[in-house]
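Next, two complexes with chain A in common: one pairs it with chain B, the other with chain C.
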Partner chain A sequence: MMEVKQQTFKRRTMLYIPGNNPAMLQQGSVYGADGVLLDLEDAVALNQKDSARILVSHMLRYISYEGCEVTVRVNHIDTPFGLDDLKQIVPLQPDAIRLPKVETLDEISRIIRLIEEIEDEHQMPHDQMKVHVMIETALGVQNVYDIARYSPRIDAISIGGQDLAADMQLVKANDGVGIDYARKQIVMAAKACKIDVFDTVYVDVENEEGLRDEAEYIKKLGFTGKAIINPRQIEIVNEVFTPTEIEIRKAAKIVKAFERNKAEGIGVFAVDGKMVDAPVVKRALRVLEMADIDVETL
Partner chain B sequence: MKNILQINIPEELDGIGKLEPFQGAFAKLKKGWMEEKTVPPPNKAKLPHSNKMCATLKEAIVKTKPYDGMTISFHHHLRGGDNLLVESIKILAELGIKDITLASSSLTSAHDPILPYLKDGTITQVYSSGIRGELGKAIAEGVLPKPCVIHSHGGRVRSVHTGRIKIDLAILAASASDIEGNATGSHGPSAFGSMGYAAIDSWYSKQVIVVTDNIVDYPCVPQSVTQNYIDFVVNVDSIGDPSKIAGGTTRITKAPMDLQIARLAAKVIEHSGELKEGFSFQVGAGGASLAVAKYIRKIMKQRTIKGSFILGGVTSYGVDMLNEGLFRSIFDVQSFDAAVSSSLMDNPYHIEIPAGLYANPFNCGCMTNKLDIVVLGALEIDTDFNVNVITGSEGYVRGASGGHSDTASGANLTVVVCPSFRGRIPIVKDKVHTIVTPGESIDVLVTERGICVNPNRPDLKNNLEERGIQVKDITDLAREVESITGKAKSIEVTDRVVGVVEYRDGSIIDVIHQVKM
Partner chain C sequence: MELKTKAQAGSFESSDVLIMVEPVEKGAGRKIELSSIVMQQFGEDLLKQINRDLDGYNVADVRIIVNDKGALRPTISARLETALKRAAEMQTGTLK
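Now for the complex of A and B:
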């Protein structure tokens, strides 16, 4: 059974930033997103791929992203840019590297091997930089669990809804119905591997209510965060994924009761008439962690 | 001699006279009166049933008997759509008039076409609240033989009262006027709202021409300027470009950075202790400053707070807040869009005020004295919280003093909102290029990278920190910015002073040196 990952960053929101836009790159951390994704892939035109790679490399060296998790999305290994991206970005060891359009176990093993070879060349360990996989095709959805559990350094899966809808030849619709099964399958794989899972972008930037509704829905499905394409979306999604005051009070009550009962050697007890055992306590601790509440201060 | 901010000020300057060094925002006000004597308004006379109408602007100007060395004034309520100022200067130049002092309440890039007249001796001095575009560049490069004088809106009124600015001819655009010169900006095809900056010109100028594209039946109502001050009236085809005078409605910015800063500023205001029942409020006309109003509006509704008045500088956003009952009244010295003009016409609690009531410190209490919260922008701010809103990163004049120092001195809470750097140019830095508003008037700076409270407001710092808002030392923020942008080269200037920045009390807070070319 895989161990529960220790989180150092919250992952409610990940702001996508085109890797060839210096103004946006240098301001990426100020908007309150938990993470930034410096993109060398779909946000960058073909004739800008090299300059994006150079710019992002400089940014990683010189800009402090202050408390944000920094992820770089490289181009797929089978494109003319993918290998150069890995060779330049892996030695800079961002917090994570995101691999787009992963479809098969063979593919992920090939890419991770390459990453490790580059790390070996630079005498770097294999467990520092995390790997995120993006599932953006029907085949990827079918293979997601095998892909996700391939390596302990894979600590998040993300769904690429736009590409998936295209791959499935779905008629354009905003209600998410076509990709709903894929969402659920990907979440299940992530939960089985005990890793995080990001939902896809919400493209209608003007529609704040629609964004909130979608964020509420995917939270219920089990997603742990969402991709963000405009800073205006961050506050809404952060709010959805942040525990409410009621949730926090309830969690604090559970944890305090747990500590009390633990001291008396009691493992299962009741709070407000409901049974509390280890998994409930674990969930409560997670709520407090998401709310930035130090359990010691309770 | 040095002023209190340690800026070297010449004792006197050709073209201006003796200069007084700035000694603090309230140094002169504490006396309760102004040492400088005021001058009387002109004594005019007209025979009964005189005809003031002139067929053309040129005819009216000729009738005023213009002469070399005269001072001419305009208001800037037509904003980017003004062509009256340029037309008037062209006419004066054609008449061979030289050595004119131009004392428009402000200048924008719409006035760029008068640059040749700054070069050829037609105009030899400029008094203004703001100068932009090609004019600002040329003035910084030393095109004028006499230094320009930058003043605040309130300070301009003081200057006219004391005769520092002696207006010979005021040419005032109005969107509606009757044949006697009772005029307004609140209705008509070129409506622009309040004529707040024109009032002092109409009262004190030796001669006043009202120019309109909309003659209405006598009497024109309402009346921003009244017939007893008006010498001549001209009906022209158009006073300017209506689309650039007043847009439809002012929209809140969608720029993520501005919204982020505005959101943080609203949080600061909410927890400052100043956001309470009956508070008064002023924000800028756009960008992060106006966006703060969006968040404050939400908080006011959530906490059912009703404010006393909105002041300024008014946009349709302010009008919406008035109509929603969030504020009791608006005091309007300048209107920024078409929706504001109709509110001025229709709502008795939307009140037009002259610039002297708005911000002249030398009276029994201008409106800025009563202001609770103001949100202002900045081109630069230094680690002593001094603000530059007049010169840009190359040393050119490209902004306006406006109501910045006026409102900052009066408000209980002055919030400056700006990014910590723009592009690769630091905004928060050790020393600004030109000081317009002294740091003592600024309470808090809100940037995307940190909130900095003036050390002279420990109460505010406590309030914010108690409510979980992290406050950063401004010096640390300046260092952080420098670590991103690198240290900028100083702007190269000569010893020649091409402009003085007058504080609202008439003292000199800074000077503008000629940019080396």
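Now for the complex of A and C:
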């Protein structure tokens, strides 16, 4: 199986940046998001698609988004814009390309084939640029596992809540009730494929408490991070997805106890009166990883 | 590149540039009208960049009006490319 470059960025927050907005494009990496999503799709008017595509391609060559994962969301391949987006963006090899409204296995295989044909034309490898798939329809939710495991290039999937709510004909979508099943289904598919999974945007920019509640909820569900639409949302989501000092201390204690017990051949033991076994150690290691703590230094 | 019609790209937003291009008769040369909020510091550089880009597209005869609101180099190049492709009716993947 093809080996794909491993992602090395944290993925708590991914900031959407409209592809036709030079000011935001040039400042995208300064706000502290883990990644930027340069958007050629919903954030761009239909009569400015050419303009945005050209602007983003020039920005990708010129601007250093150092420290940020750079993803470009292209238009769907069946729109009049999708193929031109791929032809222009793929040769520039951003860290990842985000494919909206993927619904079936046939569709993802067709798009990845197109991407790889473009890479072949430019004598580029197939193992550098990652593919992120957006699930935004009921049909996509039903097929998400097959889509997610189609290619090792797919290293993240995400839920597009607004489009999904529309596809489900939900009148009220802001409380997340209607898309809850989809969230869980998409998380499970991602976990089964051992890839990352991103939550949808929180559209009420003024409601910081609501954003925090939603971020805490989706963290409990197993999401890796969340797409955001305003720099004001970064700090809250990053905070939710960063382990607290208490969590870090507890995790370090578990890992240290595990190392001690392992040396004595003991697999199950107790820390502060609570049973610790392999899955608990695994979760503790994940906490330390999220906190950028090297286990060797404990 | 053969220009067929008037076209424009960009905006008056901060960090952007509005570029209008218009075909002129063959042999008329380039007429570039440039205004910029950073005219004093970067006007000459802007003009050089626009001429260099026009050389790249092989456009010898054109009237261009550039209204710059502090755009970076990639934005200038992108808006000029868009305006030229629209004027040459070469733009693809967009709705007019």
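By definition in this document, the second predicted complex is superposed on the first by the 273 of 298 C-alpha atoms of A that agree within 3 Å, B and C clash if a C-alpha of one lies under 4 Å from a C-alpha of the other, contacts with A are read in each partner's own complex, and residues count from 1 in each chain.
Criterion: a contact is a pair of C-beta atoms (placed from the backbone, for glycine too) under 8 Å apart; a residue touches a chain by one contact, two chains touch by 3 or more.
These numbers were taken from a predicted model, which means no experiment stands behind them.
Enquirer: On chain A, which partner touches more residues: chain B or chain C?
Expert: Ranking chain B and chain C by residues of chain A touched puts C first.
Enquirer: Looking at the overlay, does A:30 come into contact with chain B only (first), chain C only (second), both, or neither?
Expert: In the superposition, A:30 contacts chain B only.
Enquirer: With both complexes overlaid on chain A, does A:208 touch chain B (first), chain C (second), both or neither?
Expert: neither
Enquirer: Check whether A:42 is in contact with chain B, with chain C, with both or with neither, and answer first, second, both or neither.
Expert: Touch status of A:42: no partner.
Enquirer: Name the contact category of A:232: first (chain B only), second (chain C only), both, or neither.
Expert: After superposition on chain A, A:232 lies in contact with chain B alone.
Enquirer: Does the superposition put A:50 against chain B (first), chain C (second), both, or neither?
Expert: second
Enquirer: Contacts for A:63 in the overlay, against chain B (first) and chain C (second): which applies, first, second, both or neither?
Expert: both
Enquirer: Pick out the shared contact residues on chain A: the ones touching chain B in one complex and chain C in the other.
Expert: Residues 23, 26, 63, which sit in both footprints.
Enquirer: Can you list the residues on chain B that touch chain A in the complex?
Expert: Listed in rising order, the residues are 254, 256-257, 259-260, 263, 423, 448-449, 484.
Enquirer: Would you mind writing out the residues of chain C in touch with chain A in their complex?
Expert: Touch list, chain C to chain A: 9-10, 13-16, 71-75, 77-79, 81-82, 85-86, 91-96.
Enquirer: What part of chain A is in contact with chain C in the complex they form?
Expert: 21-23, 26, 46-51, 53-55, 57-59, 61-63, 80-85
Enquirer: Chain B touches which residues of chain A in the complex?
Expert: Per the touch definition, chain A meets chain B at residues 23, 26-27, 30-32, 63, 230-232, 235.
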